[in-house]
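First chain A sits with chain B, and in the next complex the same chain sits with chain C.
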Partner chain A sequence: MQIYYQAFGFGIVTAALLAVGAVGFTLQFAVSNVFNLAYGSVMVVAMYAAYVSLNHGAGLWGALAVGGITGSVLSYLINRLVYRHFVRKQANRFTIVLVTLAVALMMANLLEGIVGDNFFSYQLPTQIAYAFGPFRFTNYETIIVGVAVVAMVAVQALLRGTKLGSAMRATAENSDLAGNCGVPTDRMEDIAWLISGFLCGLAGVSLALTIGQFTPTTGNVFLVTIIAAAVVGGVGRPVGAILGALIVGVSEEIVAVPASEYQVVVGFALLILVLLLRPQGILGTAQVRSG
Partner chain B sequence: MATQMKVSRWSRFVASALLVVGGTLLASFGTAGASGARAKSSSVPLTVGVFSSFSGANASFGPESYDPCLAAAAIVNSDGGVLGHQLTCKAADSRGDPVDGVPEAHKLASTTSNLVGVIGPDGGTAPTVVPIFGAAHLPMFPTTGSSEFNRQTDKYFWRVLPPDVATATALAIAAHGAGITRVASVFGDAATNETNIVPFANAFKKLGGKIAISLVLPSGQPSYSTQAAQVLAAHPQAIVTEADPQTEATFMKDLQQLTHKLPLIYGTSGTQYAAWTSAVGLAIGAKLLASIHYTATPFSPFSGVAYKLFKSSLLKTHTSNPAQFETDIFAMAAFDTVNIMALAMIEAKSTNPVVYNPFIEKVTELNAKAVVVNTFAQGKAALATGKSIRYVGATGSVVFNKYHNSPGEFALVKYTTKGASGAVQVVKLISTAEISKLS
Partner chain C sequence: MTYYVGTLLIYLLIDGVAALGLNLQYGVAGILSLGFIVFQAAGAYVAAIVTLGPDSGNGGFQQYIGGYHWPFPLPVLAAGLVAGALAALVGVVVLRKLRRDYQAMVMLVTAVFATALIEGVTTLFNGSTGIALVPGPAKWFNHFGSEDFIWLYAAWCFVLLAAAYWISLRVTESPWGRSLRAARDNEAAASALGKDVVRLQIIAFTIGGVLAGISGALLVEYIGAWAPSGWLYPETFVLFTAIVVGGTGNRRGVILGTFLISIAIGEGSTYLPTFGPSPVFEASMQWVLIGLITLVMLWFRPQGILPERPRRYRHPSSALATSSGDRAASWDKGVRARDREMNGDDAPLMMAESTDSSPPQGHAPSEHPGDLVLRAEGLSRRFGGVLAVESATLEAHAGTCVGLIGPNGAGKSTLLNMLAGSERSDSGRILVDGEDVTGLPAHKRARLGVVRTFQLASEFPKLTVMENLLVGSRDRDMNSFAGCFWGRRWRRKEVELIDRAWALLERVNLASKSDQLAGTLSGGERRLVEIARALMTEPKLLLLDEPTAGVNPGRIREIEDHLRSIVDAGVTVLLVEHQLEVVDRVCDNVYVMANGSVLASGTLAELRKREDVLSAYFSG
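Coming up: the complex of A and B.
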């Protein structure tokens, strides 16, 4: 039984990683209607930016900040320079997904051309996990969970408790109507991409910390799990993404106890189950978005 | 009538002569066409295809064969080439996946000028790609260890390194010989790893050992903490393993975070290549890895003329990081492969793959009358004097059985962190007889 408690604790760390990534992903979709498959590539670029900053003495917190800012700026630029044109032309979702895939491939190949296919690692001291009740965490894992909690609370506070958040939610619900009511929708979209990009960068650096090494293709598999968490929770719903991340992250670790090889299956099985029973996701509404 | 008879005889004679001459000409054209099908003039370079993963999870497999191919080709070319032809190497990316590999194999075989042979395919694509190269009459030197080729019958198939079942058995013998009786079996979920799990378990149990826990790791996950906790709870003396570099590195890092003392790591030859040691070394520390990591690998003396030539020529290639393959058995095998092909062509006096293919066995087989040669230059010189040769290269002796597999000896080796890519210490030799007894 002890191993199941431990697995639950490990699942919380995985969920924290997923939550930061999934909230960023879902925010982009909510505001811009872009199902951004280049999200994983932005995560990886952020990993490398943090790597450079660490090598220049930035420290862990500095590296997290650099990763977040890199993700933020890059996401903003990609949306401004590429995606927005297609959205404005009212390209269908399939076209936009293809465009995001093209951007992802271009970024991955460019990055591979620059840094090669060698492995990189943050040179930080090795840590032994400490016991916290039945759970075991390292300091880095505690930081990852802490950062995730703070980021999630901040995003919720922003969206629910500020005028800016209200304007962003209005833009997400109905961009045209919000525009007619005087909401500067373009600016709201830019801010949403800056915030979601920051979360994307944080998720990238956190992932690199967890797995111990990375290459230009590291984000690919993880992106699929992020998408699963976002869809399970309800695409376009930040709280749903957090819930989805918890369900997927913890389930994957718990299932690994009796059947390690099926760990990866759980997220996708949940995804299919939710799509069958509740296509809009657990917290989604039938009409996730209009306009 | 007589005149008619004469005319008729002359006609028949002329017709017969024409037929004979024409036939001879056609035959000679046919031979020339065949032997020169890929190289009609000596100035035309011959191409060795390197069909492997250059991208994806096993992207390091490609350079592992390509860099040594370049090294061997440079030596062959500096010694006058093969029958006057220069050698070149051409990379073809299988991506380790049949979906990408099959069209790429067709493209390589059908569009490459003067393609004389292929290094590869690798494990991910071999089952679907071997028949393609076989049908194209291309000698191939697969890097897969899959057991399904242990009794294969394609005459163009030549496996230089022993199959996985032999590796797994050698690993069991090595671990047991080191006094290890309780292990955790931890393998990645790649299809190629499946061929290690059962043979290892069978051999280890026969020797009296116990598998304390057996886990398969799904690749590319952000955490294997649960599996790491399970492994530690089973109290193994060693972890027997092979997984892709990223998966293994994440697992080992998670393991390290849960204990002050990592168990020993006994890996297959799949854990001895540079990408694996680099990734895992970065995750847990290169020094720590070097102190606990042992590998059962096909035996190479890591010394002698052939190895020194391999190493020196490899380091001269203008590739991104050739030094990483200095002690890599797969890289050595690729290097030897090019030499074997080149010498077989010279012995066959033909660059036509159909003609020279049987000579691959001839230049490597055990033959009391043959002169043992360790380099292409030695082999070429011996062949020029009409002697039979037996090539013994950087990987040591290669002797093909009737299934074109080379069983070979094994060694338990330990890597140190000295030098650019680490130096190798041979800890123990494991003979073919020992392996056969348990297989």
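Coming up: the complex of A and C.
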């Protein structure tokens, strides 16, 4: 039984960084109607930026900040320089998806071309483990969970409790209408990409801390797990993304105890299950094909 | 050198098979199949394990299921079948319920997870190491020298590429394929014409999967090995780039694109010297280049080097020689419009149908005018907290035009959607000719003769005007998949249909534009195409959602005349309309809706006298 408690503990950590990633991903979709497949690549670039900063003496907090800011700036630039133009030019969803995939491949491979395909890992002081009841967390895991909780609360507070947040939600709901009501939708979109990019970077650095070593392709599998979490919860819904992350993260670690080879496909199985039973996701509203 | 060129040729031919399969899924059916490579991988693995003997052979150095020693060419067939079955399965799960960009997402996720699964569960296909030492058909050609074998294998690949091309040609250019392309252009409009869009797409997706599987089998039988690193999800992207560069939906373009991308980038760069900051720099830059090419093409020439070409239809000579002369005289539109007001009626748009000797599938207009064609009882629909339609009841008698008017947001369009089946109703029931159709989806109602048009222009933009009309056919043979390969069944009917479509186009004055892509027409012309297309289905009940929206005011009168002639020909029409003058001139009975419920009904003159109607209209 102890081992399942332990797995549940791991699940919480996985869920925490999944939640950060999934909320950022879903926010971009909500505001710009773009499934940003380059999200995983941005995450990896942030991991490497944090790596460089650690080697230059930044501490763990500094590395997290550098990762977040890198993700933030990069996401903003991608949207500003590429996506927005394609979205404006033609509303064809296929084109946009292919565009994001092109950007994803270009960015990940540019990085790989520079740093190579070797494994990297952060040089940090040894971990210290704490016991919380039946669970055990290391100091880094505690930080990851803590940062995730703070980030989630902050995003919710921003979206629900501030004028900026309601303007952003209005933009997500109906950009044209919000624009007509005087909401500066372009700026709202920019801010949303800056915030979601920051979350993306945070998730990247947290992931690198958790898994220990990473390569430029680490983002791929993690991105699809993020997508699974976001879809399970209901795409475009930040709260849904958190819920989806909890479900996917915890189930992954629990399943890993008896059958570790199936761990990676837990997210996929959940995704298919949800799609069959409730295509709009647990908290989603109608995104189902009509007709 | 022979080896190099031969290998290059073989890869090109195999990539061509795969690209044709993907084009069928993406270019023709409009499914963004980001997990395509999985079907190729499935084919390769299946071919590998049925060709190999049991995995205890060779000292048992690799683990896999199967091992049957099947002789050539059975492994290729098995690969095609299994990959097709897998595609059908994915299609049933993904295509049935999800919005299209979700579909793409789920398929990408599937591809990534499939790699992870095969790597993780090593007993299936030997994990990340992959399966090696797969004997190709070389075994049977041992008495040839190895160079001869390469050319022989290339010839075999060429045969399969030709077969794939032929299949793709028949599927795409048949009436069935036309419906598929129509559904790609506008799903809702296609189902409103009676097309079972999901079924069409699943079949096309499956055929694409079969081609992918065959390409995988060809690859593994040539290379002799197959591992997860060879089918990572970006490989699908290379095929997409080839299609986007060559021309989405154009078979020759797809082959050209495959040639350009696979050869120029994939192989050409092997001649480049190694340079850059890391050993993988070169390989990485290839990917960057592929991404860049895709972006540049999507921005500057999204239709590709060889764009999808409009299909031209030869105008049936009979119609040209005989009828078009007299028609030109009696169908002069300007004269006709004025005539109608004076004589009551002539020139019905439906005349060709009623004089047509053989409309076996069609719904002849009701014989007894006055029969109840449509009855809707207590229909309600709630969106979140808003009651969009509240227990609406209405009736339409055969051969009449029923108007549905009301202020913006009254629920008219929602009600029409419910009647057409594109929106479900929370309560109430809908009877068509006394038959309960409440539970039927849109395409099944269309097959019963309930056909709608849309408020927003809903032509199939990448189909010609003529094709737009031909999609309206509800003939069984014209809509069967088997018909793709059994041309005789539909060719004769196609001639009749073209004749009928031509007559309709002449009457709406669009005959001269029959070969133009419908997306290039003006707003009013698109409306007319849409109405003519609906008439091609020989509807019993026509549901028109603001047919004058987006039409140049000068042409509204023209549409009005057509509407009246449709009604006069015996078709029952339900008309949602904002312009009361149009309703006044065309409709017999009018329903007024406000705040989701039906407020009143009667002639427009009667309604104008009612207080409640006026207040709803002007204050609501």
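Of note:
Throughout what follows, the second predicted complex is superposed on the first by the 284 of 291 C-alpha atoms of A that agree within 3 Å, B and C clash if a C-alpha of one lies under 4 Å from a C-alpha of the other, contacts with A are read in each partner's own complex, and residues count from 1 in each chain.
Going forward, contacts are C-beta pairs under 8 Å (C-beta built on N, C-alpha and C of every residue); 3 or more make two chains touch, one makes a residue touch a chain.
Remember, predicted model here, so these are calculated numbers, not experimental data.
Partners chain B and chain C, once the complexes are superposed on chain A, run into each other and clash.
Legend: residue contacts after superposition of the two complexes on their common chain; A:G116 is shown touching both chain B and chain C. Contacts of A:L98 after superposition: chain C is touched, whereas chain B is not reached. Once the two complexes are overlaid on the shared chain, A:T138 sits against chain B while remaining clear of chain C. By the document's definition of touching, of the two partners only chain C reaches A:I227; chain B does not. By the touch criterion defined above, A:L37 reaches chain C but does not reach chain B. In the superposed model, A:V264 makes contact with both chain B and chain C. Judged by the number of chain A residues each one touches, C leads among chain B and chain C. In the superposition on chain A, A:M106 contacts chain C only, with no contact to chain B.
Superposing the two complexes on chain A places one of the chain B stretches 95-103, 329-337 or 365-373 into chain C: stretch 95-103.
116-117, 220-221, 261-265 are the residues of chain A that lie in the contact sets of both chain B and chain C, per the superposition on chain A.
Looking at the complex, you find that chain C touches chain A at residues 26, 30, 32, 34, 93-94, 97-102, 104-106, 108-110, 112-113, 116-117, 120-122, 187-188, 191-192, 197, 233-234, 237, 240, 244, 276-281, 284-288, 290-292, 294-295, 298-299, 302, 384, 422-423, 441-443. Considering their complex, residues 35, 37, 82, 85-86, 89-90, 93-99, 101-103, 105-106, 108-110, 112-117, 220-221, 223-224, 227-228, 231, 235, 261-265, 267-268, 271-272, 275-276, 279, 285, 287-291 of chain A touch chain C.
On chain A, the positions that touch chain B within their shared complex are 3, 6-7, 10, 13-14, 17, 116-121, 126-129, 136, 138, 207, 210-213, 215, 217-218, 220-222, 225, 252-254, 256-257, 260-265.
Taken together, the chain B residues at the contact with chain A in this complex read 55-57, 59-60, 189, 215-227, 229-230, 233, 245-246, 249-250, 252-253, 256-260, 275, 278-279, 282-285, 320-321.
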